[in-house]
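Chains: A, B, C and D, in written order; residue numbering restarts at 1 for each.
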């Protein structure tokens, strides 16, 4: 129906401003837009608070068991009941810590990836997207648990658990704060190597069991890669043992009160960081699940919570291997240059010896140490994810060349340096 | 309910070679992240080494050519957009050139410049998609997002000019369908001013990056003779040292007036192909600037005339789109539409080379090579 | 676990609430399959790129059908591809949803008359949300995803598993072989 | 052109040469001759296979092969018609690797069998399909059209004669029109402008007639050199510097002069490649 001319003149014309011509619109996704950085920082804070709280329970738990008058402990050590109860609780707790740390870390790193990539990352589910990974986790638990017809059902079921167990076994020996360690092993360094290797088996048999060619290729790549990179990783662990003279992680941290191990053992620290990238299968070493080549590699056929275990383990390792790096090379829970002046000492000195204030001060000092530990770990995790966002992946032969022709000689040089330095300085 | 067996006789699949127990048959696609759409490649793999490769296409066959037989000349153009959907505008040009030749239409000077500028602008957009998806193939996520960020700004300009984002149906025989808006050239120049500063960033992330070079130098070598004999065109051919570029060799629209040289490299490997594309982005920026300078700001944008093509007339016209030589063969029977229109799509021809390039390569390199050929399946299958 | 909501008992408060929680979680964490077919696939990629960023809502692309929740059919499905689309749908773990993106997937689009084109992907897989457009803008796809999110969160709006559509495989046959004639 | 002359076309049966819309077309009906011609063309340097299409001509099937020579960008078209009941064409995919998939596609969609092709399978459709949907007997949906009938094989000699006749008539008509226009121009005071682009007969006569109508004016003023393909505003200015403003001057350039001009203006063989002189001559003839 045509409008009459006077009706048409009554229609409101939207004026088009003269200068409305194209300008590249950077406003919405400028990396410098403050709220995006603020969101990432807020999520990092979330990480500190949640993981910190969980770890706090970790530290307080034995203390609670040994409260005066407790039936679970007598004379500073556990009774049998106490030990069993403590063991069960500790196991549950470390599972929780690994899982929750991973969940929060996934969120933080998704936000951080968004920051790098000029986008927002999760922001609509929960305050600033805080519940995103919880939704993911619940979804995965409720998803169909699928076993392919021709898969080896037993191995198929076990593989994700092996990977996951390997990840949270590592958690048990890491000293987060002075005295806060689940298992203060004399052979902590060896345990790291041993526990880490189980994960390689999980990936290998997981890829093999699903009866999928991409999975098989992924599993084989993983086996080759993980076993090869164990060598420079182990040798750089060895340098720490040589330099400090102990395999106990607590001793190693204590020895770094003044100088970080990374300062004399710079080469070893670098080798460790690169090799640990390969151990956690992050770009540029993400060949086992190279998404553009092998679809999803070893976890191609995994759905629901089984895939969730792989996923969580991957991100738990993203937290754990930097954590080990912090313990071994970057001063653990000590603030930098704690040998000259340590705020933790100030906290410990509160009140009279044995008073409640003094005990509380001790707790605060531990929490202060944990803060430094988490901060260093978070920074290293960010470094890893930065590398992941930037680099393309290597080819398998280049990966092997890097390991055998560069990293292993370098780690041996690092070992020689450690031996020489030890002979000269100690 | 599963698919009846009678319908499941799919494309021929490789049988393992008897006596060669190490060979494994790996099926890439049709749903695979690195096939850039619905392409199936059946690979024989010995460990990580590729022994055989058989590509299967046709998963996106949309009978363009049959449908176009029942359409009028003008109605065909929207279908052309959908062939190479990454550079939709560029597809329209060779068809328009062919019809103009057949019907004897002269394109006004101004329309020539608009078409050329848009043609080159679409090349930038297309190469941006290539940068993004190719780096995704190689495992780097971030370049993809940067490329799509900038592509989005470029699409804004296309949208303001033509009304469509990806498949605008803008060129027509005798010029362009609608006049450009008054700020068109300024828009382009503004974008280029911004974009020129970003391209070095892409170079840093791709051709200059050590890991990228490790993955690409000396990989997927394509010799000059093989390339020419297989009819390879576009950056793939020029990266093998053949200076064949239809913009220079068979100039159309405003290209005769523009000052540029054909970009070639002699290496013929994946890196060279990437480098040529990177250089072509710079070249396109330069060409659009020249167009903006030379283009008349007023005048007709469309030569109006009846399209009447005699029976028995036929024409093959080609243009150099981002992926190579896109040709259109039109055969007329004197009717209102083409009796037969056949599209010579560059990706279709370029894809033929993959068995030659794949065999003997690593599995990872297969992905790198496939991405470097830069195919669009819509164009391969038509 | 499979499909909650179909057999939920309204009198069981705990299970009912758990269902709601799981449905909520599912709706907030929908992972689409990286599965591009044609032109729409570029816009689908675009919807996860900086200006639109589907990751904001928790849409996180996965490569393997086992781990994906949504299949976005982004382009023309022809008879050759139709079988693969169906296979992919069957490979996905329950619960799963399908978004039909663009005119071609909805009903064949401009290629509807052609000999090799399936006139709408809903002949092969059950579709939850249709997105019109050729191709739809990324905003349209995001809106479809959000619609689907609301649909999943509210069990009353969900499709009932028993009524899952039987596929019409005649549409995948060669012309002349499908029982129809001109 | 020199290499073209070296190709021996004498002993090839059923070969016809024609030029359609500026394309040089060799039309054949004998498959053996097609193969022989292809081998000779490859030897003559046609190294770049551009396109191979199958066309259903309603009396038979046609293979259209487009070749290009990269050294001088010469283009060539080959037609080979085969009847429906014997749709066999020798494959040339061993000569040019690039036509491999094109032949498979033509087999798949049009139904032409390429003998000697290594791997002649369906390419776009599935292996078990039986129809060749691009044949005219099928409708767009791939169903048989009930009352479709093949046409009789055309008599090419008669067609060629008809074409000649038509061309002659067209030329006569053009002459008449030119004369009428001249008379009209003599009567009319102002010359008509801008009539050029609108209605045009097929390309072979485009240049002549349009200019006859549009520019009946005297020869001594400057011509619109941009009408020549390959010359734009930039080159018009350059040519003007050299004193060339009219078609006549351009058409009458000798080879030496052309070379000198190219050197002066940094053209690099453009005059010969884009056939400026021929174009100018055609335009000149159209004008006077």
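The rule is short, and it goes like this: a residue touches a chain if its C-beta (ideal position, glycine included) is under 8 Å from a C-beta of that chain, and two chains touch if they have at least 3 such contacts.
Everything numeric here is computed off the predicted structure, so don't read it as measured data.
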item	value
Pair with more cross-chain C-beta pairs in contact, given C-D and A-B	A-B
Between subunit C and subunit D, centroid-to-centroid distance (C-alpha), Å	49
Euclidean distance of C-alpha centroids - subunit A vs subunit B, Å	43
Approximate Å spacing (C-alpha centroids) for the pair subunit A, subunit D	68
Where subunit B and subunit C are represented by their mean Cα positions, the distance between them in whole Å	29
Set of subunit C residues in contact with two or more other chains	49-51, 63, 80, 113-116
Per-residue multi-chain contacts in subunit A, two or more chains	29, 117-119, 291, 295
Numbers and ranges of subunit D residues touching at least 2 other chains	124-126, 128, 133, 140
All chain pairs that touch each other	A-B, A-C, B-C, B-D, C-D
Of all residues in subunit D, those that touch subunit B in their complex	20-23, 25, 47-51, 53, 55-56, 64, 66, 70, 73, 75, 77, 96-102, 105, 109, 121-128, 133-134, 140, 196-203, 206, 226, 230-235
Complex contacts: residues of subunit C adjacent to subunit D	79-80, 113-116, 174-176, 181-182
In the complex, subunit B residues that touch subunit D	9-12, 57-58, 61, 63, 65-67, 69-70, 101-106, 109, 174, 226, 228-232, 242, 244, 249-251, 254, 256-257, 294, 303-306, 309-310, 312-316, 318, 325, 327, 329, 331, 339-340, 342, 344, 348-349, 351-353, 381-382
List of subunit B residues in touch with subunit C within their complex	1-4, 7-8, 10, 30-31, 33, 36-38, 58-64, 66-67, 78-79, 82, 85-86, 129, 132-133, 144-145, 148-149, 151-152, 165-167, 377-378
Residues on subunit C engaged by subunit B in the complex (per definition of touch)	33-39, 41-43, 45-46, 49-51, 63, 65, 75-76, 78, 80-81, 83-84, 86-88, 90, 104, 110-111, 113-117, 134-135, 137, 166-167, 169, 172-173
